[in-house]
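Okay, so here's the structure we're looking at.
So that you can tell them apart, the chains are marked A, B, C and D in the order they are listed, and the count of residues begins at 1 in each.
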């Protein structure tokens, strides 16, 4: 009996860790490159999820077909958000203020639209991989394993992309010295668009993969948004490695609190941890303050 | 060791330019007139058949304006992105709700504790916030919002009332008077709170405290090196903002004899944000104007149901990007530039002749 | 090659350049001399699109590039080595150099160009894996210069190569600019310091408070120490 | 007794020692200039003295009182006001309001919260008049050209009635005409009895104003003393002046 709880806590930790990591990756990328706090990240998450749901329930296509559609639609939504609401204020003094309020406004509109189109009942998004295993009384689902694998794979992919690819290096260059990047013939504004679209795709993918774990409703974008924000800041704003590590640290912490103290204390526990962390080490694990780059 | 003006006789002793000064004199006439109108209005409205509905709307306007003004004080003037305002409103509401409902206090007594506790809560989260910058403040205050919401829903029975909030809170004991009479009394209480809050906020904005707050927003290092104690100034600001927000929370709990956990929903947040953004970020009249416009819009658009939140979200986003000073100031600037009367001669921005050749 | 006509430019509230006329011919080395704060940097930033020109024209190979975006001007071959280097601090020396060759067609031949730059400045190759912010003042300036050479430059604009450098590093910078000049690359150099530029310039402009006050062949102007003495302060 | 005294002051950013065990003292009423190439640690030293950042080691005494651990607003209220290398201002406020910040909050014991007292307004007007901005009180700080913004920054400092005024590159970024005006203004302030501690690398301004000079490089002192002797010190010439010597035969001042 004793080790079932331990295994449940550890597996829960790994699963939560991957979930948080997946959510935070997109947010960290956008903050690192564009210095934009994208509070619409949660909204794009449910755009992906609802699209996948719509493809499965209305077009009656398998989830495997719905996954890419969800990701593409989420990325497109992010791109359109960039063109309409981010690009016009790039480089302007009121950038932080305008983008903060604009992204909040958009997230409200998205959940309102979801309410109108899909009405408030909970929706079920089928998992990509069904079935599960039983280990010492702990249920480990295939979808869970898929999420862990995808999360780790995406972190590696993004890391390699940023480190070695032409577009990846350009994104880092723009984030560190915008003027110099222009002098290297890097189209700064379009690079911002690329980063925001990529982060939209990541949020969409997270939406499709994670929806089976909880019931999809118009306001189910808010919690992942908060969790992603916590992980991003806990890991040090803009640090991809930080987000990965912080995701697992918080995931394991929440899982252990949930198993040993009860579910009700999970969320408050995380918030108390983050408040303490902000007081003691405001720049996060890997961050060196607001200036942190990718 | 002051700097004597012995240095080169300044021609005539220059005077402070009233126009440039951070303090304002308002004509008592206008303020008096508005107050008088406010006092008389309910008696007139009640006569109309839809009068009661309009008085209810005005009460809603007073309370929303108080919360919007308080939030604007922190975010617009102080440049601190705090998302704790709704939670502070809830703290005020729950405080007086619990005291009146569970302990049987007289609402007029319990409501006094609403702002006190809200201010205490604000100072509690204010302290760590002062050492943080921008993004972190957003997170810390959102965390406080979430913590309060979770506590209100899953907290002890006498707080959470089964997860939906307090549903049977005694209203203000106004004696057994007719419905209209009762509504008018409620209106006067709301107007009282609104007037006091507006006056105090006006006094704060056009005072050294207000100047210190905007100085810290414009350039913190520069302000601090001119003698401004950023912790003290910002804590006072937090306290004032939370005081009136908590008071409004307390009033609304007794006015609607209950407070539901739906107060924490994001749509409440967007309403308040819309008021500040539409009315004018970091201006005195902005949130008041915004409150009126948004409430008016809400009523007009009530027909389209859920589309209202959809429309409001997009409108707020568009205004934030394309009219950063707020819809109203932008419209007024367009009016002044294109349609308005000839602008009075440009300010003396050009070189001052007495200084010697530029 | 590069021509500037009646250029007015400045920052919020104050105009810095009050009508500049200047040209750089094929293979020519031109120096704009002027004390700190008189508009040299503003001039280069206006030409390469980092700063919008209020009025006037900038022509490159006859094309009007005044309103072009900075990255398009760079893609056309007008390469600007900015004041204060503006390196990418958290990226390695090699990555900084590679960014110089970002432009599509150049990226394909980045390996070749990298080796050529390593031959010109061998120490760059040993430091390839080091982050740019860990370099010394002189090294940073050399890296900024080499980053510019990575691109298919048709003209090089270099802003105050020696600003804030110790004398030894200053000499190295001007020697390397000298080798670039010999390769026939047209140069527009903005500088406050007159005594190193003798070999580099064919023509000199004197800039004072945003206006060109003198223009003439390098030999004649650079010898006139009295003029320079009063002028450079 | 010196008005400002630094003993073994150091400031480290990460591994880099921006200021390295620096000791010097400024006498009341003098104009003391600190010169050195870019990145010599001058501004870091200013930040430590003014409380904008904290010195890693060492003691800073202002009018016999240790201030290295005090917060910036406290130090300002003790009578030490500074300007900044980048001309900063409260851009959304009028010129008068900018200066009122200094005169209202810059004095010890000043905790005015709800009303501006007349002395503060008086001091503000006085500072504006001295800096020649009395006629532009209504303009917004963001609309002012560079020279006017520099004067405004100086005026807000003077409005705090300082005993010691710290100027960070007061003539930087000005054309020769504007430079002369700023030099005259600083001379007026010094003549009015305010001790001036100045960072500058425009040699004309330093020679015109400074009673004593400290030459710094890589966070350390190289030479200290009156301009005549310091400018002849071979070490100083080699490290610092070497770069700025105009072309051709060296004019007699730079010769040993």
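Everything below uses one rule, namely that contacts are C-beta pairs under 8 Å (C-beta built on N, C-alpha and C of every residue); 3 or more make two chains touch, one makes a residue touch a chain.
Since this is a predicted model, take the numbers as computed values, not measurements.
The busiest chain interface, judged by C-beta pairs in contact, is B-D. Ranking every chain by how far its Cα centroid lies from the centroid of subunit B, the top place goes to C.
Centre-to-centre, using mean CA coordinates, subunit B is 41 Å away from subunit D. Rounded to a whole number, the gap between the C-alpha centres of subunit A and subunit C is 43 angstrom. Distance from the subunit C centre to the subunit D centre is 32 Å, each centre being the mean of its Cα atoms. Each chain gets one centre point, the mean of its Cα atoms, and the points for subunit B and subunit C are 52 Å apart.
Shared interface positions of subunit A, defined as residues touching 2 or more other chains, are absent. Counting partner chains per residue, subunit C shows two or more touched chains at no residue at all.
Shared interface positions of subunit D, i.e. residues touching 2 or more other chains, are given as 143. Those residues of subunit C lying in contact with subunit A across their complex are 48-50, 69-72, 74-75, 79-80, 82, 86-91, 95, 98-100, 102-103, 107, 147, 151. Remark: subunit A residues 166, 169-170, 172-173, 176-177, 179-188, 293-294 touch subunit C in the complex.
Taken together, the subunit A residues at the contact with subunit B in this complex read 31, 37, 39, 84-85, 88-89, 94, 96-113, 115-116, 219, 222, 226, 229-230, 233, 237, 264, 267-268, 271-272, 274-275, 278-279, 282, 290. In the complex of the two chains, the subunit B residues touching subunit D come out as 1-8, 10, 13-17, 19-23, 203-204, 207-209, 211-212, 214-215, 217-219, 221-230, 236, 347-349, 352-356, 358.
Interface residues of subunit B, counted against subunit A in their complex, comprise 81, 128, 131-136, 138-140, 142-144, 146-147, 150-151, 154, 265-267, 269-270, 273, 277, 281, 306-318, 320-322, 324.
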